[in-house]
Each structure stands twice: as C-alpha cells, then as structure tokens.
Amino acid sequence: MRTRMRRIGVLTGGGDCPGLNAVIRAVTKAAIHHYGLEVIGIKDGFGGLINGNVCRLDEGGVSGILHRGGTILGTTNRDNPFHYLLRDNGEERYVDLSYLVLENIDMLGLDALVVIGGDGSMRIAMELYNRGAPIVGIPKTIDNDLMATDITFGFDTALHTATEAIDKLHTTAESHHRAMIVEVMGRNSGWIALEAGIAGGGDVILIPEIPFTIDGVCAKLLQRHDAGKSFSIIVVAEGAPHPQLGVIEKNCGNGRKVLGGIGELVGSEIESYTGIETRVTVLGHLQRGGAPSPFDRILSTRFGVKAVEMAVNGEFGKMACLRTPEIKAVPLEEAVAEQRKVPPDGELVRYARSVGTSFGD
Amino acid sequence: MRTRMRRIGVLTGGGDCPGLNAVIRAVTKAAIHHYGLEVIGIKDGFGGLINGNVCRLDEGGVSGILHRGGTILGTTNRDNPFHYLLRDNGEERYVDLSYLVLENIDMLGLDALVVIGGDGSMRIAMELYNRGAPIVGIPKTIDNDLMATDITFGFDTALHTATEAIDKLHTTAESHHRAMIVEVMGRNSGWIALEAGIAGGGDVILIPEIPFTIDGVCAKLLQRHDAGKSFSIIVVAEGAPHPQLGVIEKNCGNGRKVLGGIGELVGSEIESYTGIETRVTVLGHLQRGGAPSPFDRILSTRFGVKAVEMAVNGEFGKMACLRTPEIKAVPLEEAVAEQRKVPPDGELVRYARSVGTSFGD
Amino acid sequence: MRTRMRRIGVLTGGGDCPGLNAVIRAVTKAAIHHYGLEVIGIKDGFGGLINGNVCRLDEGGVSGILHRGGTILGTTNRDNPFHYLLRDNGEERYVDLSYLVLENIDMLGLDALVVIGGDGSMRIAMELYNRGAPIVGIPKTIDNDLMATDITFGFDTALHTATEAIDKLHTTAESHHRAMIVEVMGRNSGWIALEAGIAGGGDVILIPEIPFTIDGVCAKLLQRHDAGKSFSIIVVAEGAPHPQLGVIEKNCGNGRKVLGGIGELVGSEIESYTGIETRVTVLGHLQRGGAPSPFDRILSTRFGVKAVEMAVNGEFGKMACLRTPEIKAVPLEEAVAEQRKVPPDGELVRYARSVGTSFGD
Amino acid sequence: MRTRMRRIGVLTGGGDCPGLNAVIRAVTKAAIHHYGLEVIGIKDGFGGLINGNVCRLDEGGVSGILHRGGTILGTTNRDNPFHYLLRDNGEERYVDLSYLVLENIDMLGLDALVVIGGDGSMRIAMELYNRGAPIVGIPKTIDNDLMATDITFGFDTALHTATEAIDKLHTTAESHHRAMIVEVMGRNSGWIALEAGIAGGGDVILIPEIPFTIDGVCAKLLQRHDAGKSFSIIVVAEGAPHPQLGVIEKNCGNGRKVLGGIGELVGSEIESYTGIETRVTVLGHLQRGGAPSPFDRILSTRFGVKAVEMAVNGEFGKMACLRTPEIKAVPLEEAVAEQRKVPPDGELVRYARSVGTSFGD
C-alpha cells in the first residue's frame, strides 16, 4: 500500500445504469472499512469537478442503496470538461475547462479518482490521466459493447426488463394473432436484442451486425403462418439499419437526435406486405431503470472493491474489467480501443438459428 | 336449476386483458364440476360463431391457464356480426351476418352463451339477446370505465405494470435531473393515470376529466425546482386532450388511427418552456399483458362462476357486476348505459392534491 | 379548521406491514403541504412517547419512501405503556407508564396523534383517548381481520407474496408428482389462505373458520390422483386447528410461543395415509416484507390524508376505515369490537368450491 | 453428420430446476428444425426407460414452455436403474434393472439419449454409456457445485429468489431492530448463500467452506449495534455445519432425512447470547421454482442445441459444459470427478470481507 493514499473521489458519468449505486457503495465501504480512506462523491459527473459540487461519502450515506437503480451522485451526458457548454448572456459556446478539473482534484486532495462511466467518460478519463490525474476507471455500458470486459453491470438488468416485456407481449400476440414488434436498446451492437430475443423466444431478431430485409422478415412470418402459428414476436435493436433508409433517428427537440423509429417502420412495412396485424412497443428508458439484478449487484460490488484496490496499489490509468473468472486491471487506452459487436457467425447467433430464430437475412 | 340446461358456450371479445383465461377456466370448471354441463369454446370472438370455429373445453384444457395472460380462445376487434367486414375478390364490404350467429348458437345446441367483453361486445351481446340468444355477460375493460361494476379484472394488473414502470423511471429522473413523462392507457377516462400516478408518487397527473394547460404543468415543475427537487414524474393518460390540439391520434397504418402522442407533445413543450430535459415513455401494449394479479385472478374466478350460476338460473340478458362485496346480475342495457369517469372533485383527486400532486390545471 | 391545530404526531405500532411508510408519507405531506402543520415522528411505537425518542418529519424526510416496505419510524410489539416491561438490575417487572405518554404528548405540543396500528395498538389508543389524548387511528392488520374496514393496507401485498410462492411451487409439484403444502399467515382468520388459494389455484385450502379432517384432505388428493392429476397444492393458514391437536404453536425461545407447524404436521400425515410425497414451505416473514402493491400504496395514501383531515376537524377517538368507495371515520370502540372472519357459507368459499377446491371438510 | 442418426431421446433426472423446460425445448427444436430428427421424451427420468413411459415431442409440444419452471417430462430422485426400488406384495427390495434401460433404448430406436441431470444422474449416465448407451449429458445443479462447468442453469434464478427474499426481510429487520436469518440451499457448497448474501447486502454469511463460531457471528452483530445499526441480515447455507453439532438434518418422514435447521439453531443461539431479537426464514423449495431468468433461459438453450450437435457428431459419453465464452463437450468421467466449492481465500470471499461482510470466523 502506498503510504500517502488518504482520500479517494468517485464520480458517475454518462447515461443512467442499474448498478451504479452498488459500485458507489462498494467503493465507499471498501475505502473506509478496509483501507481507512476518506471518500469524496463528485456530483453530476465531471461537471462536479468544474463547479466544485462535491460531498463527503460515509457508510451511512451509502446504506440502503445497493438495490436502488440510478446514481445518488447524479449523472449527465453534458459534462465533457474539454468541450464544455458555457451559457453566457444567452450566448452558448464550448470551452476547455479541463484545467479546472485538474485544479480541483488537487484542491480536494484526491489521491485517486474513480470514474464510473461509458466510452465517452473513459476517453475523458484517459485524457485527464495523460495530464496527470490519478484515474481509475470502471466500465459502464448498458449495451454491453465494450471489448475489454466480458460483461458490464446493468446489462443483465436491462435484459430482464426486455425479456419480461417480451413475455408480456407474447400473450397479446397469441390472443390477437398479431406480430408484436419490440424495439430495444442497442445503438451499435445488438446484444440486448439478441439475448432478450433468445430468452423471450423471439421469432425474428434484427440487429445492427446482421443486415436484414423486409422480405426476409416477412418470409419467416408467413412460414410460421403456414405452419399454423398465427402470431410472431420480432425483437429489433434501435440501431438496426433499415434496408433502404439506414439507421433511423428521430428529432427529440432542441436540435438533438436520438435513435428510434425502426420498430414502427418495420411494423408498418410488415403490415403492408403481409396483411398481418402488427403492434409496436418501444421500451426506451425502462431498460435503464429498476433495481439491479443479483448478478449486476455482485459484479458492481466486485468492480468497486477492485477499483479501490487498484487506487491503493497505484495502478492508475487503468480500468477494472471482468476477465472470467477474475477482475483485472486493463490500461484505459486498450479498454476504449474496441467495441464488442455480436459476431454474425458466432455461437449465439448460430444456436439461435438452430432453434428456428430468423435474423431477417 | 332449469332441467334443460346442458351445454354452455363461452367467447372473449375486444382487446386482450389479463384475467380472461382465469374467467374461461372458472366458467369451464364450475360448469363441468359443479353443474355437470358441457362447455364449448368459441374462437376469436363472435367471428367463431360466424364461421363455426369452436372447440370442446374440458378441465384438462383449462388446466394451468389461471395465471396466464391473454385468452386461449383468441380475440379480435373485428368481429361485429351486425357489421362484418367481408373480403371478396379484392373487394371489401360490410354485411349483417348476425343471423349466422343465431343459427350457430342453435346448431351447436348452446343453452347459454357467456360473452366476456367490453363495451362493444356488450352492445352486440344485447342486440343478440334481443333477437333471442341466451346471453350472459361478463364485463372486461382494462380502463375500468364501466359504471355498472365497481371494478373489472385486468385493471389491477395494468396498474401494476404502470406503477412498476414509474418506479423504474424514478431513478433515471433523479439521476439525470429530468422530467420523465409516462403515457399510459385511458381513452376516455383517466383511472390508470390517476391511480398509477398516486401509487408511483407522480408529481403531475394529466387525465381526460381535468383539462390541463402547459402553463399549469410547468408551474408545478418550476415550483419543485425552486424547492430543490431537480426531477419530476408526469403521468399522462393517452386520451388527455392537449389544451390547443385536443385529443391526439396517430395513424397506425391501413387508415386506422389510434390514440397516442400526447406524451411526446407535452414533453417537448415542457422542454421548450422550462429548459428542463424531458424523456417520454409510452407503455402501450405492455399494460395488457402479463400474468394477472391475485386480485384480478380472484375477481375473474368470481365472475366466471357467477356467469354459470346466472345461466343455470336462466338470468339471460344480464351481466355479472361487482357491487362490493357481492357479485350481482345487472341488465345488459343498464350495464352499457354509462361510462365511469374520474370525478374531478372526488375523494381520490382531492387526496392526490393534498399530498402535493398537480393536475396541470 | 380548528384554529389551534399546529403540530401533529405520528407513530407505528405492532408488526411490520407493507404500506406503513406510504401512510407516514401521506400524513406528513398532507399536514405540511395542505394544512401548514408541523409533523413529529414518534420512534418505535408508544415506546417513543415514554422515552422521548422522536424526530421532526419534513417533506424531504418522507421523500422516496412511498414504495419502501417497513416503517422509517420503527415499530415493536413491546410498547404497551399500560403494561410496560421494565428491566432494572436484572429484575423484570411490568409497570404502568401511560402517564408519561400523556405528559409527553403535552410537552411535545401535539395537537393530534395519529396511531397506525393493529388490534393491540388500537386498544391502547382508545384507552389513551379516554384519558384525554387527541388520538386518530389508522387500521393495520396484514391478516385483514378487522370488521370495521372493508380492507386494510398490506393485505394485497401479502397476497401477492403468497400467490407468487404458490405459482413457484406449482411447477415443482407438477414435475415431481408431489403434494406441496404452503403455510401462510392467518392466526384467527383465513383470508390470506383463502384468497391466495383461489388466486394460486390451490386444490385444498385449510382455514381456522372451517374445521377440516386429514381424511377430507386425503380424499381430495386421491380423487385428483384417480383423475390422472399426480400433483396437488395445499394452502394452510398457520392458525388452522389440527383435527386432534388443535392450534399448533412452536416455542421460539425466551418462553415466547408463535403459531406454526400445522403445515409440517399435515404434510407428514398426508404422506403416511396416502403414500404421496409431500414437501412443506412456510412463508413466514416474507409476507410482511417487500414493496407495497399499487393498491396498498393508494389505500395507505388515502388513510394518511383522511387521518390529517380528521385531526384538523377535531374528530378524535376515531379510526379511518374503508367503506367502499369512501374513507369514513369510525369510533375506535366500534372499530376494535369485532374480528372479521371468513364466512364459511359466504360467496368466496362457495365459489371456490364450485371450481373444485376442497376445504378438507 | 453421421448418416444413421434418426431419433433422439431426452430425459430429466434428479431435483427440479428452472431451465429444464428450456433445455427440452432447445433439444427438440434443434433436432427437428435443424437436423430433421425425431425426438422422444422419456417420462420421470430413467424410470421412463424401465417401464416404457415415453412420448413423442414435436415443435407444438414444446411451444410456450421456454419460460416455464419445472419439467414437462417429470423427474424424480428414485430412478436409479442399477438400484431400483421394487415394491412387490408389500415387500420392498432393490434390483438392477439397467438391462431394461439398455433394451428400451434399443427398442425405441434411440440413436442418442440426452440426459439432463445432476451428479447422481450423470453417474448413472456414465455407467450406461460404459455399457454401450449413446449418452450425451447436460449438467443440472441448482447449487452450482460442478467443477466441470463455469455455471449451470437454475443457479441464477435461485439467486434471484434468494436475493428478493433478503430484500423483503431487510425492511422488517430495520423496522423491528431484529436480526433476520435466512436459510438458503447449499448442501456441500455455499454459492447461493455467498452470492445472495453479497447481492442482498447480508451482514453475516455462513457457508460450509468456512467454519464459523457463534461468537464470531455475535461479535459482528454487536459491532453493528455499537455503530448504531440496530438490525442485521444473516444468510446461512443449509449445509453450513454448526460449530458443535455439525451439519443439521431433520427427519422428513418415511425414514428420510433432509438438511435443514441450522438457521433456527443459529437464530436461537444469537438471541440467547446477545438478547437481540431474531426471526428465521427457510426458503426451501421456493428456490427451485419460478420462471427461469433470462440468463438461465439462454444458457439452457445453448446447452440444448449443443447436446444435439454432440449427438449428431457422435460425441457420446460427454457432457455439454460452459467454458466461458464457449460451450464445450467434456468427458462424463471428468465432469463428475470434482465438486466446485467456494474458495475460502478466493476473490469473492475477499471482496465480500472488504465491504464489511463477516463469515462468522
């Protein structure tokens, strides 16, 4: 143990994800209980290090949060200190305030800063580390699309929500002889769609990694119809590109665009081509909410303890990753290098096809 | 017991609803076990009595369905025999096939026909009864908007789904300092929005019965903001009319229109007026799915047994209704006469206001 | 509104029950938000009024507790101020400390005291009211055995837990061709056993109100066996008396006895008499835990607001009761006068029999 | 593909486990859909191959079972053909009927037999394979104590049930200032206790692999008490040996004994030594029931498809095992050789200690 380690900071960045609180709790408990450190919680991501919005975390403060979704520290997607949106006299401009972050790390006396975040947060963390900040990373991506770690927390909970939704829609599909379409998360990778599709017994699964055609989808539905099955379940990742129109985005106000709409599009085209009645459900933010599953709580706890261990050992510029069955420290640059995609010829896709699932191709 | 009662039919009409299978099971078990009758299941609503799509129901056939959502008999919204869509050589026209229904009731030897359905199905049932069919009705409306019965099955389950969704969105709202909008079912009445809003601790509840303004909604949000609460939950019934644009519908293909979109509209207007980040979730069909709650299973069972009892006693042209604490037989014409609306000055609205909920008015 | 009302106290007494926090929240929010009162939380039942263990409740303090089980105020079964266990120099004796409660109500400046509790707490409350305390009662009994109110909060949640357990045991019963016995709460009344039994499709339901025999139970099981059904579910209330041995209690240490064991007894006797393999599950405290159901959250909220309304109107010595569809104020002495038992010839039992359920009689 | 493969059998042996039906479905769908085979379901384990109790499985027969607990084929612990209990004229004796199994495999024309089962079933399967039966194994152990596979299906679902129970008991513990003891499955290994303990935030975890003392347990409770925490959660595996009395068994009738009782014992000793009120909950069979979690459904599906693949490739005498991230075929004798225990100095135990969990040692 390095003798000077006394105070550790922790922040959560990027989108909400079940298990964030479990990580914060584990960091705090391990730091205080096991290593005798002080813990400082940074509010609303890196933003809290710009405007000094921080709090002291003690065991009482993290009591009862293990099973709660969200993050008690707050989070945001608008906290990039290298490109920070400043609103000034009605005028908006982006400025580099990273120097404030570094100054505040110093001023707060943080000997280590645990950053829990996704791709974006990790790139910021790496940049800050390159400028001298004592960073330890913990990966967070509900899409599970990070190559460096076998799996991240939040994914299993999202999978539960998506699978439960498919289970619910199954009975409606069957009763009404409809094709029910469920649009789930998955911007660049189709893990949630693929795994929820298998777990929910989806008949068609559409993911970014496997180009599909409406003909391909309809062929499966009609084949089921001919076999006497008057209903179908179609699981589609929000980022699955439409054969003609590509990735579908919708304007969500303020000039921002978000993925979404591929479900509605596929639904109406199926209805046009086959005459089969369709209904579309977009799960959206439900997938980020709720109490983390046992698996996610355990993985979050492991990540949290490991991060403190890394800090105490001076392993900065690294991220805690699951390399089954162990948690390992992986250099940040390696960690953010590659996205984890669904291998189109991998075992999971192949096995899904074996039980009769179509990928619309 | 009337001596001639030997065979009873049962059909489910209109939209899917948790508890339908529990009713079918209770009708079948009570008829066979208690009264020694035969039970005929009619497939896909009144349509099954037009094209003779029926099946024999025995105890084995209804085993294990008590807790399953949907209906093993199938259902549809397109089964009105008085106005039946006939597709013939690419041509579509509406014809009156009610005579086929009456003939088939006779041919199948049905001494009674239990119709489980909503408003639409009950009007058809009443018309058939007026023409001599031995009808017994069981009310089904997931919106709980029938005056004749204190409550119907399916509503409690839908309330669970909506409340669970609000619980999930709460943590995201809190973590991201957002206003989360949840659009729930409720075409003409706001029961689901009101009760899920109270159960989920919604800050604003928007329902058809209480006209709201965007100003009213924003005032509540800003008041919360001033009190240091950086997030809010807004529950809006799909049929809550927009102050300027009225009830919002969206085209869902094939010329059909469905309610929906008020959530998105309210969300983007809040964002424009207040600058508060908003996210919208539309629950849609999830609310009709899933295993029925214990309450709904019990009520369904009571309705089912009562309907057979009514049939055996020759109480035709009536519907089983809950008049707490009893199940009563109510004439069909009375049953369909009046919709149950949320009383704007009733106890529930008043109490919700007392704990700080705004109705945007 | 009476002009002098300024400060209101609230306490929870007796056993844990889902919805207590929802009541505390509603009392606090309505008192502060709607009537401008101060709210004092009393810790650990009447005990907090003996040793002055109280806290100030504000809106922040009750934020986020609507959906949490348990009570933030703490509770206990050992708080009877008229018969208080004093431990002094290793000696134990019971003393009357009710004068301290009355003095402290005065000293704390409580213009009203909302007591949320069961039978025992209400008797204490009534006695204190008779001696001048400004008491308002809210009924809490997870067994739902209070005649004065149609239903109390907590029961619906316990029903969920019990029904979900039966659902889980069903598949094991079926796979292993076993009789699964589930022992549920119900000391003097069989409401949970009856309703969970109907909701879970129990084959046999054993309750205190209907004497059963082992022969009666076995007859049903063998009849099912002969009909080709190799499994059965038996739901038994902990207070259902054994035909020969009466109500079964077990010693739980410290000289205290609790109900329990009838499940094991019935299971082993069934196995002896029929050779059918049995397994027994005792749900116990699981039934008191967990997030309250939407129904319970709404009812709790209504009770809480009503109690403040009663206090403000000076309606003391009364209890808020559900008389569908309204909440009414009922004199405490009337409220505790009579237990609500399952009517052995009532509709629910009769309908359960109609779908084939046996009561072992 | 071997040209002669035409018909494949499948059976489930040993105790009930969530995911069995998902395996049966995957075997059936892959065999029929992907390889054009016929599938024969064997009823009630190896017993079905003794008395010829079999059925044809087609896609319709496995429709809708993916999310259902239990096994549609039935299962039993009394099916060892090498040591089969014969009841004859009131006399009982054990005989070797394995020749009947081998004959029936032949007579039914089974080119492969998929055996889904635990330790016991796999030993039988290996013996039958040694005598020429074309066996493919799929591991099933809800305790997750098989060294050959990283994890087996059912464990994640059991973990959910146990964690949910701990969550429920938490609020009661807190409200009543009690120590709540939860006894979970785990005969020889403490995986469920350990992981549910971490996921549920248990304060003390007692497992077979780490000897504990009552003093050790009480020390932790008193330390919490001194720190102002008036409640505790203790998770104990049914097979955790009592310091003085060793592994606790209880007589469950018919001369059989089962594990159980350590929870009650620990509870009453804590109460004696510390005066802290305790309550004990035994989860028992609830842990084997319920709908399999998404993870378990996916793993079950992978095992099922792999088993058919193995059969078609002639890989007999082997078992499908998860060696993350792949499913591998492992020789049966290797598979049953070693039990997987919790490493007392492994990462998981160490990390649990870091967040403050005691193992009573």
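In order of appearance the chains are A, B, C and D, and numbering begins at 1 in each one.
The criterion applied here is as follows: contacts are C-beta pairs under 8 Å (C-beta built on N, C-alpha and C of every residue); 3 or more make two chains touch, one makes a residue touch a chain.
Since we're looking at a predicted model, the values are computed, not measured.
Shared contacts of chain C and chain D, meaning chains that touch the two of them, come down to nothing at all. Among the remaining chains, the Cα-based centre furthest from that of chain C is the centre of A.
In whole angstrom, the spacing between the mean C-alpha positions of chain B and chain C is 31. Computed from the mean C-alpha positions, the centre of chain A lies at a distance of 41 Å from the centre of chain C. Computed from the mean C-alpha positions, the centre of chain A lies at a distance of 35 Å from the centre of chain B.
Residue positions of chain A touching 2 or more other chains, listed in rising order: 167.
Taken pairwise by the contact criterion, the protein chains form one closed cycle in which every chain touches exactly two others.
By the touch criterion stated above, chain A contacts chain B in their complex at residues 12, 16, 20, 44, 68-71, 74-76, 161, 165, 167-172, 174-177, 180, 252-254, 267-268, 271-272, 278-282, 284-286, 288-290. Within the complex formed with chain B, the residues of chain C that make contact are 25-26, 29-30, 33-34, 59, 63, 66-67, 150, 156, 159-160, 162-163, 167, 195-196, 198-201, 227, 291, 293-295, 297-298, 301-302, 304-306, 308-309, 324-327, 347-348, 351-356.
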